[in-house]
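Each in structure tokens, the structures are laid out below.
Presented sequentially are two complexes of chain A, the first with chain B as partner and the second with chain C.
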Partner chain A sequence: MKFISILFVFLLSLSVSAQTNDIDSTSIIVDDSLTQKIAPPTSVIVEDFKYDDGDNLNIHWVPSIDDLPQDGKVIRYRIYQSVNNGEEELIDSVNFSVNHKKIEGLDIDSSYAFVVSAVSKNSEAKSNKTISLQPEREWINFNLASLFLIALFITAAVIYFIETARRGKELFVRKIAGLEAVDEAIGRATEMGRPILFIPGIHDMDDVQTLAAITILGKVARQVAEYDTKIRMPVARSLVMTAARETIKTAYQTAGRPDAYNDDMVNYITDEQFGYVAAVDGIMVREKPATIFLLGALFAESLILAETGNSVGAIQIAGTARPAQLPFFIAACDFTLIGEELFAASAYLSGEPKMLGSLKGQDVGKALAMAVIIVGVISITLGEAYDIEFFNNITASLKSFFSVSK
Partner chain B sequence: MKKTTIITFAVISALFLVSWIAKGMFTEGSSPFLDGFLVTLAAFLTLAIMSFLYKDNPYYKFAEHLFVGVSAAYAMCLGFWSTIVGNLIPRLSSGISEFFKVSYIEGDYNFIYFIPIIFGILLLMRLSPRGGWLSRWPLAFIVGTTAGLNFVRYLRSDFINQVSSTIVPLMIDWQGFGHFFSNLNFSATGQLVMMFSNLVIFIGVTCGIIYFYFSKEHTGWFGRASKIGIWILMITFGASFGYTVMGRISLLVGRITFLFRDWLEIIS
Partner chain C sequence: MKRTVPLIITFVVGTVLILSVFIPPMENLGENFTLFFDIIAVFAFFLGGGNLVRVHFQKISRKSDDFQFSFVTLIGFFVMLSAGLFKIGNPGDIASSVTADGSLFNTIYQSVFVPLSSTMYALLAFFVASASYRAFRAKNREATWLLIAAFIILLGSTPFGTMLTSWVPESWSIFHIPNLAVWLMSSPNLAGQRAIIIGIGLGVVSISLRLILGLERTYLGDDSA
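Up next, the complex of A and B:
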């Protein structure tokens, strides 16, 4: 009797131990009398992950029949990997109900086989080993075919309009309110004998907004050179300083006044956002510029700069593509270039065939977007409301074309 | 220098000293006088920057120049030690890595890392009166690469995803007008509100695009649609303005809390 009691206590402790142990970090001691046997997952298939660099494989399986939505015995699946027919090693685990896994970071020169096991609280059931498969590299990602076609369409439109403009045909671009004021703003600074302050944002040359600001600077600087007005341009990035100096220098040369150019027109302040703001605020109140251009990537500093500029009585022309900062410019500046207008401004001001053609090409893209949205909304509305197959097919086609998985 | 300026400076210096001594005497810790000095200095600089709200003054100028100088030097050091020493040298030379006491990355040697070195040197050629034109090459590379990479990125995020997300049904769970009016409710997830929000998305996006269409004069129906577009933009900006201002107020509260709690210890 005493022996049976000891045996009972021993088995009970084994059971408690098995339940409290971390199932993934310890091996499971299986006692047939206590375990709930579960069925393994079946039909485990390994296949190459399409359109990658040859470093991924996909595996999927039919879940264990004990993997049920409620009161299922399976708590997770473990994935074992065998490299070049070597030993199986546990590499990952996924929750119950999951039936696939992307295996990443593989070597293109090795072959891999997998075993998937279903794990319950105190047992594990392994599937058969899959075939050994080597990941393959694909040179073209056909998932991006629609992206390529749209890019091709817009690029073709851009090239067409550039060529049209080069042949001398005049391309119409509607008036942009903020830009009409540029001449007036520069003239005001000239009359008042006060400088123009040009802020190109705080991002580097890898931001398209900075590029747009530098393009507008070219036009402004040329006019500044012709009127013999002073221009002051504090910058927050060294590369922007280099590019801005080049731009202003070229503008002065084009205006026939290279002797009037001075490198000190553009000066580097600091990369630190609020250090730059403090310095620019100081410049504004001390030099009292008549005109301030705030164009480019501006962030939390936009309201501080715009308000200080407003307080010194400067005429301000601002523009950014950051939606969160536009309200401040609209509130505190005289003219604001909203988002796309900033990019259009450079083309509008320069009047160069390349830039005008590019702007017209982008308009073709916008027209395409509008057409797709209108057709898509009509088809999805009629398709869902009246279950008309024709419209459902159109919606499905549009959704599939305008979705880029990777 | 004006007499009032000297008196103001003397008073502020005296207050600074009193604050430092008081903080040093009543602050607990291993180095109370150093902690007291740092808190007092931080408070002084905060007040110096805030004094700009009154007008430009020498204290603001001091804080501004200190901030600019320290941050510019810090940015330069960070750029040198993290980019050149931290990333580039360990991939190029074991000897120079040893000199800078950074671990050399074995097997990562690649000729491609000489390209940024060459471009960096070319950028510095700007300092030479004869070779200044060479600095345009790396600039052209940066600008060209940026334009190319961003074209695909923006085409995907701002064009394709936007178009796809705007294809929404204007009639949801539609079972005829009778059903619609008999089940009319104004809950946020109700049929009416959902349909209205989809309509706003559709009209907002379409009219917004029309506003940014530059190839046609904004007159007639096109002009009216463009006006709806700018109205929608302005309503969005209004909401965004309020939201951001509230965020800025919380930053101000943070600074005021520092002054009244950490420095003056008036509030707990």
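Up next, the complex of A and C:
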């Protein structure tokens, strides 16, 4: 008789499992005598998520004792949420061995309680319900206090040197070979009677590299206008086209030659990366520019463009803030503006004291970085080698100050 | 006025976006401004498309040099535009996705555009070879070091490199070529890259401040700093 009843229950459970393939989304009635019971997660705690807009909570729990790395019975944890002491609803699930979850998109005016359940292949064990908690809003993110202080220090240094320069103090700025060569490059194109090609990268005006390229364009275009050289600027973004036209037009007006300006100096090609590359390569091969500027956000196309420019014998000045592309430019171009030099270019070329002041402020930031790196290297080396607490403390302080967690 | 209003907008938006990093209730502003930018960029696309058509029509009408290429550009432009706009050959109704399988737009994209793009990208292999040849010529001391480093890294990625130094005892394993290659990449190379990245970060801060404070105005077409 007992055998028959067990067989009946077995067949019943088979028919239930045949009705669904998704064990996670379906409630299953399970006979305890046929399943292995699992322990629920314990100590489920809900906490406010620090430094947010009051729309997140954190929950964490002690995993079920049946949650083992190998041959464990727990396959996942389900998270149930109760809003304003209402009914519990399944909102998410996480894999076994995970013991925390950030609950996002909550309402600051509601309170939330949670239940976490451990789920095995054929059973589920729920934890106790947590306390009900309302998410809180914080007005300042103190996690970013160190970042704020560093930004404040560098900003203050930049503004201080701008003001110092404004008062007439002479500031020394080291020579940047790539920018010193701009005059020579434009002069060469003028002498050869061939155009200058200006490539401002393939990103839009929301990229600071494109802005840097456009500011350099302003200085280049002024000289181009004065020397009556031809400039060609194919672009990959419509907004860049509009901004570049405005910049070149103003440069021609400033140079006293507004009549020589033509909208066709800047033309839109395509937003597509390699379509743009094909068109620009074609322009290089057909028009054989004497000088090519490759400045801005450039990616896989950087070497294709630079090598084609090299093959037509153009003098090339390149610059990007993408470290991965710099080796290509160094290999294929005559001059390369490495990283920060691209951003310094407009200030450097203008020669305006207050613009140069901003570069000096930037140098203060570099001095700070160097000092911290040197102190860090010494402290971690001596601390690790001789286990001196003083140096270990310095290392720990530096790590905690410069580790930014959102 | 033409210059003052953009400068005020730049100052306000720049300052607000910096503050939004440190003030949680303002943190969504960054995403919202990105959306505003995308909306403006969509309208600007009409300018770009219009310019493309105008330039190539001019080339054809004036029979400028290589004007035949302009025919190809214009045909490509209008065929893709029509295929996308009128959803030619789209399975299902007009509401279905323009990139649905079987649509003319998707067919042309997959069979013409993707292979052409891949072809352009593939050129990179040849350009890497020619650029490497020039960069690695041992013309001075620095270039010689570069050549040696590159040679070790290339060799370290091959089974031959592993085999070449397999006889070196384990206590001297740093001299195994693959280990040397890893060390070159993770120590001198990474240190150099980080130095450049720190410089870039500071450069971005500096140029951003110049833009926010209105010292840098060239991007507005204003040359007076």
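Quick note on the criterion: the second predicted complex is superposed on the first by the 310 of 406 C-alpha atoms of A that agree within 3 Å, B and C clash if a C-alpha of one lies under 4 Å from a C-alpha of the other, contacts with A are read in each partner's own complex, and residues count from 1 in each chain.
In this text, a contact is a pair of C-beta atoms (placed from the backbone, for glycine too) under 8 Å apart; a residue touches a chain by one contact, two chains touch by 3 or more.
Only a predicted model underlies this, so the values are computations on that prediction, with no experimental measurement involved.
K.L.:
May I ask you to decide whether A:Phe172 touches chain B, chain C, both, or neither, giving the answer as first, second, both or neither?
P.N.:
Touch status of A:Phe172: first partner only.
K.L.:
Please indicate which partner A:Leu211 is in contact with in the superposed arrangement: first for chain B, second for chain C, both, or neither.
P.N.:
After superposing on A, A:Leu211 lies in contact with both chain B and chain C.
K.L.:
Is A:Leu398 touching anything from chain B or chain C once the two structures are fitted on A? First, second, both or neither.
P.N.:
first
K.L.:
Contact-wise, after the overlay, does A:Ala332 reach chain B, chain C, both or neither (first, second, both, neither)?
P.N.:
A:Ala332: touches chain C, not chain B.
K.L.:
When the two structures are overlaid on chain A, which partner does A:Ala243 contact: first (chain B), second (chain C), both, or neither?
P.N.:
both
K.L.:
Considering only the touch criterion stated at the top, classify A:Glu384 as touching first (chain B), second (chain C), both, or neither.
P.N.:
first
K.L.:
May I ask you to decide whether A:Thr254 touches chain B, chain C, both, or neither, giving the answer as first, second, both or neither?
P.N.:
Second partner only, chain C.
K.L.:
After lining up the shared chain so the two structures overlap, which partner does A:Ser146 touch, if you call chain B first and chain C second: first, second, both or neither?
P.N.:
In the superposed model, A:Ser146 contacts chain B only, not chain C.
K.L.:
Would you sort A:Tyr51 into first (chain B), second (chain C), both or neither based on which partner it touches?
P.N.:
The answer is second: A:Tyr51 touches chain C but not chain B.
K.L.:
Once the two structures are fitted together, what part of chain A is touched by chain B and by chain C alike?
P.N.:
The overlap between the chain B and chain C interfaces on chain A comprises residues 147, 151, 154, 205-206, 208, 211, 239, 242-243, 246, 268-272, 274-275, 278, 282, 286, 300, 303, 323, 326-328, 330-331, 338-341, 344, 359, 365-366, 369.
K.L.:
Flag every residue of chain A that touches chain B in the complex, lowest number first.
P.N.:
Going by the criterion above, the answer is residues 146-147, 150-151, 154, 171-174, 176, 205-208, 211, 239, 242-243, 246, 268-272, 274-276, 278-279, 281-282, 285-286, 300, 303, 323-324, 326-328, 330-331, 338-341, 344, 348, 359-360, 363, 365-367, 369-370, 372-374, 376-377, 380-381, 383-386, 395, 398-399, 402-404.
K.L.:
Please output the residues of chain C touching chain A within their complex, sorted ascending.
P.N.:
For this pair, the touching residues of chain C are 18, 21-25, 27-28, 34, 37, 40-41, 44-49, 51-52, 55, 58, 65-66, 69, 113, 116-117, 120-121, 123-124, 127-128, 130-132, 134-135, 193, 196-200, 202-211, 213, 215-216, 218-223, 225.
K.L.:
Which chain A residues qualify as touching chain C in the complex?
P.N.:
51-53, 137-141, 144, 147-148, 151, 154-155, 158-159, 162, 204-206, 208, 211-212, 214-215, 217-219, 222, 237-239, 241-243, 246-247, 249-251, 254, 264, 267-275, 277-278, 282, 286, 300, 303-304, 306-308, 321, 323, 326-328, 330-332, 338-344, 346-347, 350, 352, 354-355, 358-359, 361-362, 365-366, 369
K.L.:
Could you pull out which chain B residues touch chain A in their complex?
P.N.:
49, 52, 55-56, 60-61, 63-64, 67-68, 70-72, 74-75, 123, 126, 135-136, 139, 142-143, 145-147, 150-152, 154-156, 159-164, 166-172, 174, 202, 205-206, 209-210, 212-218, 233-234, 236-238, 240-241, 244, 248
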